[in-house]
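Chain nomenclature is as follows: A, B, C and D, assigned in order of appearance, with residue numbering initiated at 1 for each chain independently.
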């Protein structure tokens, strides 16, 4: 029998309240759309505020300049970010933090706590979600390692000061901790979520000291767990956001003399999305509870990811449809959520992928 | 590119018209319910009429007392039987006919054309749909074969004069052509479709002449093709029947001051069922066309079976639901269709089974 | 909790040793499905045995047949019954609805009269809320109770009465103020079923079994002390009763009220049942579906847990309770529908067949699952409730 | 058909030899998606080339630029274009709607004026039926055409005008009888788009591309010979136009009007794309889904074939035509949504990305698929139409 524990601390409560207000205020949809046109896709002033609020160091131990809380608290502030379509480098940095912590590589944590932008580079051209499926390599040359290969889908690569890139050393997966600048190595990619910035990173020719390589497999698990949890947090927020947009439209638009929200084909679909939202949030906070307690969260995380990403992708699709002609236009916000939903669905494994893994975990091979 | 040929002859048109009228008249739901209580589940007088109409010999060559038409014409009369929940031994007999024809075993055809009841016995206790997965055996003893094993889900076994039972001879599948009586060997089974009668058949100890064994693999293919086509015909008729019952109720029942058929959650589901009905009928008559022309119909039949049995099972489920409290009672006809739908879904392979076979046929292994 | 460790062990042992033998007929999954004398007597005897052992009504007052013990002990018993999957106790309306209500607002005489016999299953209780034409719209109740001296005269009809054929008492909602509308003018009665003019008629379900009755009142005269609370307070008391049912404020006698097939049983089925010549659990499509159901079920369990945390439900406080029926009833219907397909050709068998998996219980359960997607407000009505009352969308 | 064997070979060779080079930008899938000058000029040149080769308007009269040949030859060309998957011809409204209509009811002068330039793509045509507030309810048209001497004055607005920025003419439905309701009082015009007072404004689609315009009429004065048929016959003529579109009574100039991704392209994608480290087509779940789509697609193709057989459609003659849009548009949306998932992490790429499969065409196609589930009556409206007009269920 799976645990059904959910804990929610006073700190989380306060963080959530702060984050809800902050995101609502700093990320109205007009701001989101304005940033979509810019190069970096986020507002450095808002980022500085987030750093000043201490969010970048939430999960970093106090001795490295953080507040010594954990991933559960990080997820708590990410949920409202997802709701308001914020796309700062916060999530990519927090994923890196977890990998660094698990890998025992503490040197860069103080900088990240201060607001230095960090990210991970763990995917390659064939789009395989298996983090151990790595073509890029590190080879020893004296006390240095020489890197080779190309990573893709590196979020916020264009502004990152710190990148954790997965490579193979002597056949085993490892994380190379790279410090910028990466000028000339980062190439912008076009991705479905236009509020995001993604890059490919050419590693070939880079040399790093041997000490900059994390070989502890725990780092990969921590990276994956953080990526899944925060992706679910974003998605859960996103479902709530797109449901708001949709319900609002259905309550205002009239057709054939009735508010369209009175038609069962639309209202029942919204009820189903609400049900999905409730289940997704429950999975989210349960997985966060396990992560926060450093318990094995693999089943909880994969369940949460499968549930939330399917619900969000469907909610985005329905939102476009239910806005009718307006939904087909760029000006309708439904498409922004649909794009975000698809990004999240296909990052770190889609629902079908996680269900297959869950089948092996829960039902045996 | 798959063929999209559908032919529908004048003979089929006439048969369809006759059958529509006959089934509507001879199988009102009151008659269906009355027969459900009886031992044999059908009305011998109606069966005699069907035989007199020449239906039992439709697909039997003229020289064996039939009218020399084919399986397509048989399917044409089965569709309205499905619509009106008739459950005579017609279908089981026609499946046997096709196997006998393909196996070159003509001796019993004249009797069947006259109305002798025939059936097939091709399943066993583990419920495997693979017709080659046979535990029952035939072993040679002089010029006789001795049979061993138990067959299950033998439709109308209680009244059958002729049974084709699958057995293994020297490891290879074969069909034993058995003639009754089968007293003591047939044991009634309880099945989900209460308009049907099903039996297990104990073969052990039976001896048959070697000539009574069909070893040509074509007989198995013919048996399977006939079973699939007629099951689809029954299902297509059934979908139409249950849609009638449902639409009728939705047009009459009032809730909260409106006809319940005006609520989109109900009417849109009915529209979806209609769409499924249209697709199912199209698959049916295309597969019938290929069968009638003795062309390879495997893809067409499996597609038709997958489509029609899923649509019917869903339509039956929705019909119960949409009848509300009345739908939960024995007196509501929706359950009769749901039972029929489930019987058809799980006989000769359900939709998922056929889709898996189709994947191998259409997409490669 | 360690103080109860010994008790827990004792309880576990008792149920292990006293579990009644598996009957040669199929047991129902809840009191709503009890359809034969055989089933009824088996379950009634089982309830009596549990009560006699002191494991039922443990937290109810001693003077009325309860145990006067802490609720925690009853919780241990309940959990153990669920864990050992023993049969349920059938007097559900008495144990979970009528009993708690009588203890809460009844007179000492009423408590004396009713409570012990509820626990022992001596008196079976049933419920008269739904009416033939009103579905689950309780406020539209039309059954009348007309005062006549020291009695009330009942006229009307109720439907979907579980255990109606076996019950000695009914909790009844009836209109005492003629011409009143909706919630006003309703009153709440404890009605002796053997009163002349009360007649029950069994309803045959789509499974072919019985298990509900329709109850007719034709000038049935009951003493006026059958009234609970005051005239006109019926709605309020009915809502209080429903609170007991939902377990929100406790007070139930305990035991388990159902022994229903769930997603874990379905996984077990997938291990045992074969389709396409191998255990169903090896089929990748079946695995994907099973995992979907597991995720959904775990989602609902977690949602129940989250519902207790105000900081995580504050935006839409009614979302979880008001969507509960929608979520769980549809989950169950789809789960059971799917479970048939695990069985290959044997899915088409039915209750009583020698080869039917677990006696045809899965087929029956799928058919019975409509009682939740239809009864107590159909899925379509539940969806409206969620859309309108939680999301604020307009009425149809 | 063997008489055309030689012709068929000639056509196949011509298209093989004359297919335009693959452009370095993404082509649209139909005229509704033409959004840039580049796309437009590429397709216009392609149409002109086909017409000059004699493969467009083959069955239209020679004196107006057609080929005066049997329709069967045009059918061969169309089939070959589809088979070779060459780009489509963009003047769809001219070739399939306006052209056939002018040939059917136009004056010789009108035929002279319009037909040849439709075929050569010299004059691009667009369509003005939908209006901003009426969705696809044509009978609710509010754009007015007021007679003033030998002219009409147009006022109002149309929306979802494909090729609106490139079109020289529009077929327009407008209300000539002030105060008239629904179908009455509408008239049909061939409107020169360069008329002062007509302004088009591009609409940016959810894909980020352009491809539709909104068209505003502000006291735009057009000569009264722009009227087709008589005043008040607009609805009748519009319905006739739609018949041409549906190909029900032929008359179209030919060519192919779209080059859209379909289920077979999706199977090809599944062979090439990888997910979970292997070709997607090896994943049992993806296979099951692909087969579902193949069954559905084949079901719709067969349904079109069955629609021509009266004996198999007599019970509900409107079922097939009235459900066609519902069936195909939803199929396509779900198919394309599914196709993204075949691509693993690369599903999240977008148009213009170097690693995006086929330039991001699949992502774009999914987003564009909403044009069919929304435009011309949403899926929800189509479901109502089927339920009410085919099944006879009550209106909302």
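Criterion: a contact is a pair of C-beta atoms (placed from the backbone, for glycine too) under 8 Å apart; a residue touches a chain by one contact, two chains touch by 3 or more.
Since the model is a prediction, treat every value here as computed from it, not as a measurement.
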item	value
Chain located farthest away, centre of chain C as origin (C-alpha)	D
Selected interface, A-B versus B-C, where C-beta contact pairs are more numerous	B-C
Mean-CA-position distance for chain D and chain C (Å)	57
Geometric centre distance via CA averages, chain D-chain A, whole Å	40
Mean-CA-position distance for chain B and chain A (Å)	53
Residues of chain B engaged with two or more neighbouring chains	258, 263-265, 268, 352, 356
Junction residues of chain C, two or more chains touched	284-285, 288, 380, 383, 396
For the chain D and chain A complex, residues of the former touching the latter	132, 135, 159-160, 203-206, 208, 274-277, 283, 285-286, 333, 337, 340-341, 343-356, 360, 363, 367, 370-371, 373-375, 378-380, 383, 396
Residues of chain B that touch chain A when the two form their complex	263-265, 268
Residue ranges of chain D touching chain C (in the complex, touch as defined)	284-285, 288
Parts of chain C lying in touch with chain A, wherever the complex brings them together	264, 267, 270, 281, 284, 287-288, 290-292, 294-296, 298-306, 309, 311-312, 315-316, 319-320, 323, 326-327, 380, 383-384, 386-388, 390-396
Contacting residues of chain A [partner chain D, same complex]	123, 125-130, 133, 152-153, 189-194, 200, 255-256, 258, 263, 265-266, 313, 317, 320-321, 324-325, 327-332, 334-335, 338, 342-343, 345-347, 350, 352-353, 356
